[in-house]
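One structure follows; several queries about it will come next.
Chain IDs A, B, C, D, E and F follow the sequence of writing; residue 1 opens each chain.
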Amino acid sequence: MKRKFLALCSLVVAELLIPGLASASTAGDAAAINTGDTAFMFVATGLVFLMTPGLALFYGGMVRKKNVLNTMLCSFVLIGLVTIQWVLFGYSLAFGADAFGGLIGGLEYLGFSGVGGAPCAYAATIPQGLFAMYQLMFAIITPAIITGAFVERFRFPVYMAFALIWTTLVYDPLAHWVWGAGGWLMEMGALDFAGGTVVHVSSGVAGLVAVLVIGKRKDYKLIPMFPHNTPFIMLGAAMLWFGWFGFNAGSALGLSTSSLAVIAFITTNVSAAAAMLSWLAVEWIHNKKPTLLGASTGAIVGLVAITPAAGFVSVASAIAIGLITAPLCYFGISFLKVRLGYDDSLDAFGCHGIGGIWGAMATGLFCDPAINSAVKHSGLFLGGGLHQLGVQLLSVVVTLALSGVVTFGALKLIARVTALRVSANDEIMGLDISVHGEDAYRDLVTE
Amino acid sequence: MKMVIAVVRPEAADAVRQALLAVDIHKMTVSNVKGCGEQPGYVESHRGIVVEVNLLSKVRFEIAVNESFVKKAVDAIIQGARTNNIGDGKIFVLPIEQCYRIRTGESGNDAIG
Amino acid sequence: MKRKFLALCSLVVAELLIPGLASASTAGDAAAINTGDTAFMFVATGLVFLMTPGLALFYGGMVRKKNVLNTMLCSFVLIGLVTIQWVLFGYSLAFGADAFGGLIGGLEYLGFSGVGGAPCAYAATIPQGLFAMYQLMFAIITPAIITGAFVERFRFPVYMAFALIWTTLVYDPLAHWVWGAGGWLMEMGALDFAGGTVVHVSSGVAGLVAVLVIGKRKDYKLIPMFPHNTPFIMLGAAMLWFGWFGFNAGSALGLSTSSLAVIAFITTNVSAAAAMLSWLAVEWIHNKKPTLLGASTGAIVGLVAITPAAGFVSVASAIAIGLITAPLCYFGISFLKVRLGYDDSLDAFGCHGIGGIWGAMATGLFCDPAINSAVKHSGLFLGGGLHQLGVQLLSVVVTLALSGVVTFGALKLIARVTALRVSANDEIMGLDISVHGEDAYRDLVTE
Amino acid sequence: MKRKFLALCSLVVAELLIPGLASASTAGDAAAINTGDTAFMFVATGLVFLMTPGLALFYGGMVRKKNVLNTMLCSFVLIGLVTIQWVLFGYSLAFGADAFGGLIGGLEYLGFSGVGGAPCAYAATIPQGLFAMYQLMFAIITPAIITGAFVERFRFPVYMAFALIWTTLVYDPLAHWVWGAGGWLMEMGALDFAGGTVVHVSSGVAGLVAVLVIGKRKDYKLIPMFPHNTPFIMLGAAMLWFGWFGFNAGSALGLSTSSLAVIAFITTNVSAAAAMLSWLAVEWIHNKKPTLLGASTGAIVGLVAITPAAGFVSVASAIAIGLITAPLCYFGISFLKVRLGYDDSLDAFGCHGIGGIWGAMATGLFCDPAINSAVKHSGLFLGGGLHQLGVQLLSVVVTLALSGVVTFGALKLIARVTALRVSANDEIMGLDISVHGEDAYRDLVTE
Amino acid sequence: MKMVIAVVRPEAADAVRQALLAVDIHKMTVSNVKGCGEQPGYVESHRGIVVEVNLLSKVRFEIAVNESFVKKAVDAIIQGARTNNIGDGKIFVLPIEQCYRIRTGESGNDAIG
Amino acid sequence: MKMVIAVVRPEAADAVRQALLAVDIHKMTVSNVKGCGEQPGYVESHRGIVVEVNLLSKVRFEIAVNESFVKKAVDAIIQGARTNNIGDGKIFVLPIEQCYRIRTGESGNDAIG
């Protein structure tokens, strides 16, 4: 951490010395800017920002009291870490012009150089600076999702290093392939409206691979460890849902050129609603105990599933996508996880992996050219045959492969240098006290 | 001097206090505990996994009294806490060898009330 | 619940089969769309969305520890339930063209058919899809308000059924009468800027009637049961206040055609502020203990009271409305409720009923044609005589009657089929454990 | 309080009698209004509003359990108090035309008279009513920041009086000097983009002076009293960060005339991120325990420091400003405070005073005419010499003097009439119970 | 009749309960406490100020048993809670003079189980 | 061996611990309780309804000591907790029949310290 900090400092100094490197241009092509679009995207960016603290609460409420601060910090700290990574080079890797034969973006935006008030090809009616900030918020929350799998045992400094590696070697290339100029997955016709594969599948599978590498929590015996604060979970879920409006509707990148923002807004809310009801119904059928945790989880998996499809499907399809995602994830978590015996602490894979894969495939089932002209082949259920489904499958497989392999490799490599897990004793004490030297709540009234 | 320790249902705690006041026992110390015994627990469910929970919330009274008040205390507690259903709780009477009132330094029987 | 779930499924399937039924049109009349207005309404919609989780916290903090999850779920689940109802038929009932002689809207928007990127007569500068989403958020929070009256004893499955009935038979018609095309209350000249009667009076009185039907909590002895977590209450109140900016200012439905959004923004904030101070002053006079619960409650009743008036009155009138609402509600809660002996758990009637009635009448006292040309008769205090006050009274009475009668009828009907309340034992255990099988907080450090 | 309440009432009555005094004009110069800008500023206003409840949580989580409600109320109540002050006269004092030789604004906007839908000179593309609301939110949070210094011992009614005096005699004049038409500090060339001196330095120093006057908490022995709820702190910090986007980007007052909003958005986020990492790094170096409290505090001081500079500096400079602010504040809090022995309960001075002074000076080091043409002299590090640094120093000194002197005088004056602190006994019991008669959390399961 | 009071590590509480059940002791009352003893505390840090904390979370069992069960109870607790590291905790055995079951009003040895 | 149980004001808890440490008593178990006695309660208000609350927060110490330490413990607690105002609390001394150190299995007087 110390060394990383020094490295950061020197980069900053370097930039200060090379004049102009990071100076954001203000002389924007003002004529092209649409203030309504810009206001909209400013809001969308703020909303997606809020998702990461929302996730911190969602996850924080779910762990045991002794690990809540570590869990929240794992999400919260990424706002710091990924912001700096993105500004220095991440944005350029993801959205720079194709380099290395399309594997990654070029270096023209290093240090946000030239990223200012003028619009760019990605979004012609808003400042590029705003587009870059919007995309930053996606880059922040993606690795934060992974933490749900391995919290309550992972070493914090190792986590920081892992997050930096992962966002650079998985997120940035994936974003480039799917959304970057000339990205090969996009060219191939893969549909991912707001990040079903880039965000959810990639993080979900990274979580799964990570827990396979690092192993179970010491006291995990296939029965869940109950949340220590369920109201936090609902508040977190609500913040995520609220933020997801920015995530999905904002992915239209404006209001002036299409009505996709509104379509995505509707399908997003409808899918989340359907999945919430569907999850509660499954719980009811199962043991007559519909839960607040269930309603919150249902909403989240509904949001995950609609993410890639939001701007490509009809309202009815969105209902169907939501209704189906809940039982799928429920089954994955309550049956598959137990059967296979891995310890995905907060179901990062169970919610984002399974929900994300379903969403990506559902896009191939339900996508509709009448909704969005970017859809070249109707989905299977709309009579378009298997083509789009195949492309979607490919993009899922590519994502699973890239994220799975890099996650595995990175952790195995780090494990050669240093331990991935805290000591057994620290795990028992709880990471809050042992790693961070702070206790979430004061118990004794004297304190 | 005796220490009367009672573990009762949370919803009975108020009635117990009223019953104690009614027999002129005003001083007591109360805390939250979890208890298990014959009373059946309940089921918690978590994303499709169902777990039986056996430790139930109870309230614990600690009441130091002179010998002459022991029966009154016990009767009052029973009166306040009894529902005749499993889980009503227990009363334990332990000997106290000495007692001090911190404010005055008094000790013995005088200090208790 | 199971049956309802099946019904939902079949509806969705039906829609999938009937082509076009639910396909949202994208070929909007783009020329008419104002992106600034659209961005504004997107924000307003998001803000009103956030009010329901805010209410969940506000209410959840107020109940006892053993009922917090049930209470929060009662609000949160409506985001799911009412979204689906609204998309399938609710919106059409409320905002379709007059049917049955104006009693209700027609069926043209079933399944959000045709509700997409093009504007509609209700709001000429934004997509109808956005207008429908905005109105949805109102439909969600209204029944959620009712729950404040009967929490800590109501059966959850019955609640779900009741909420569905109520939103269909009370909310949708009322919204049609007041805001729908040709709605008869609106035609009559009733002024309700953002839902004083439609939202607050209707839900407040429904709460009152409901508790009269189902009776008191077993251990309610006219002394309040204290909140288990007051910081949640303040956070909830703050989220409500924040959301109310969207609720009231957004009711102008845009920024381009009038400055009513700004007027409503100002009057809303000012009334809430005045009511907060006024509530604290009343507490101070009463027993020298101004409270955070009081400040939060004061703010909420100030917001309730200004809701119908927000775009019709001056800043000074808004201050007066706020100052007066607090003592009225305070008196209703601390005196009337105790005297009459009903158990309105969290004062849904005390805050929304009383505050809403006062607000509706105050609109007749203070409405000002200089502020809004939709005001045809000045309020009583502005020399316009009793006319507007009379119309307002009528709209209050109609609301009380419709909501009161349907609530009573629905509950009595359901009571013939099944119990409305949980068993005495479940009530004692707390609904979280007995109904939902989950516990809000982990007490033992081992857990 | 009673008397104040009566005074308020009579003011309101007066306004109602003097026709037109407070009637907001609706006949705005609609042609000039840009709906995109207006939507943007509506959002920005809402975001800054949310900062005060965010601060209530941030501060509330940090105090001991027995004082959390008092602490939260001290922030929350200002939304009420300052709104009314602002509408009645505060806005006019701050943004009215120069009166008394520029010392203060004139009285033309008393009661928000004429403040409605038409734009004004401050912001030509949005309604003045919105501009006034936006500025109100700044006026609310500034005195709320002060409370961090003296909570856990200050009398509530005295606090109300003090807040009213302070906002009127410190905030309103300062805002006038820096941002008002013809304000002398602005004329002199002082750069304060979003309130580094007006908001942070002024409140930070007021906190310091206040604790010097009223003394330490009874049981403060130079070791900190640990937060009772750290998740609230993170949630509060996240709400503050989210709101700060409105605070800083919104200070561009629109999107149509410049791209400063986007620049400020980027620099704000980047500085907060850098400061968060930098604070964690300092903690790591110090004792290998990076904390969630530290990450939250780091983010806040990064936001404080960039506030005056946000629209004047490059991205690289923003990183530098953020990186440096964390160790400065860390040192101030962990060393200076202990050494000097004052009891700044929650480090209002340590974060806002020190961070604000550094930010104001940093603006003189890094300001760049290429970013913003309002910069007449480049900062020292950009080769512009000491000029701007000198002006910045002057504006800091003026702020320290005004705020320090008025705070000292006001408290000393009040102390002649009544006690500033609660009794020793009330302080021991905790202010929640003794002053407000309410308890934040229910401990006994019977309750 | 004896009152067996045990203070153990939080993470051992479950094992202690299992061990007690295994010897047919089903009834007990459990609570959160903080303990200090030989076990070293930990360090908390707060904005650069570092403080040593000595009170650690522990779980307290209160188990009323008849004489014949005392040894079983003690052995079971030791079995469940022993890690051989400092901080494993203590068991105290106190005399009970009388015991009542609230539900039935029974007293003495019969009431305890 | 004796069990010294003390109920004191929350704000005195720290001073009590210091006083105990000063007489070489390092081991103890501490918990939150609510107490009522002579000390007047306070008033809570809730939307205009005012209720008197009598249960006040207290801190409970449980200190097992050998006979020779009983007086030291009692004196130290009194010294740390006495303010001479109503509500300072009580100390109760109960007999302990046996004591075990879980870590070593030791019992009796050796196990207590």
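In this text, a contact is a pair of C-beta atoms (placed from the backbone, for glycine too) under 8 Å apart; a residue touches a chain by one contact, two chains touch by 3 or more.
Keep in mind it's a predicted model, so treat the numbers as computed, not measured.
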Other chains in touch with both subunit D and subunit E: A, B, C, F
Shared interface partners, meaning chains that touch subunit D and subunit F: A, B, C, E
Chain copies touching (subunit A, subunit D) - same or different residues, decided at half shared: different
Winner on C-beta contact pairs when C-F is weighed against B-D: C-F
Rounded Å distance between subunit A and subunit F, as computed from the means of their C-alpha atoms: 51
Centroid spacing, where centroids are CA-atom means, of subunit A and subunit E in whole angstrom: 45
Between subunit B and subunit E, centroid-to-centroid distance (C-alpha), Å: 18
Multi-partner residues of subunit A (at least 2 other chains): 34-37, 39-40, 43, 226-227, 229, 287, 289, 291, 293, 437-439, 443-445
For subunit B, residues contacting two or more additional chains: 11, 30-32, 34, 43-46, 50, 55, 57, 94-95
Chain contact graph, described as a line, ring, star, complete graph or other shape: complete
Partner subunit B, residues of subunit E touching it in the complex: 1, 3, 17, 26-31, 62, 64, 94-103, 105, 111-112
Contact set on subunit F toward subunit C in their complex: 43-51
Subunit F residues touching subunit A - in the complex, by the definition given at the top: 10-11, 13-14, 30, 32, 57, 59
Residues of subunit C defined as touching subunit A within the complex: 1-2, 5, 8-9, 12, 15-16, 21-24, 26, 28, 30, 33-40, 42-43, 45-46, 49-50, 52-53, 56-57, 60, 68-69, 72-73, 76-77, 79-81, 83-84, 87, 111-112, 115-118, 127, 129-130, 132-133, 136, 156-157, 229, 232, 435-442, 445, 447
Of all residues in subunit A, those that touch subunit E in their complex: 219, 428-429, 433-434, 437-439, 443-444
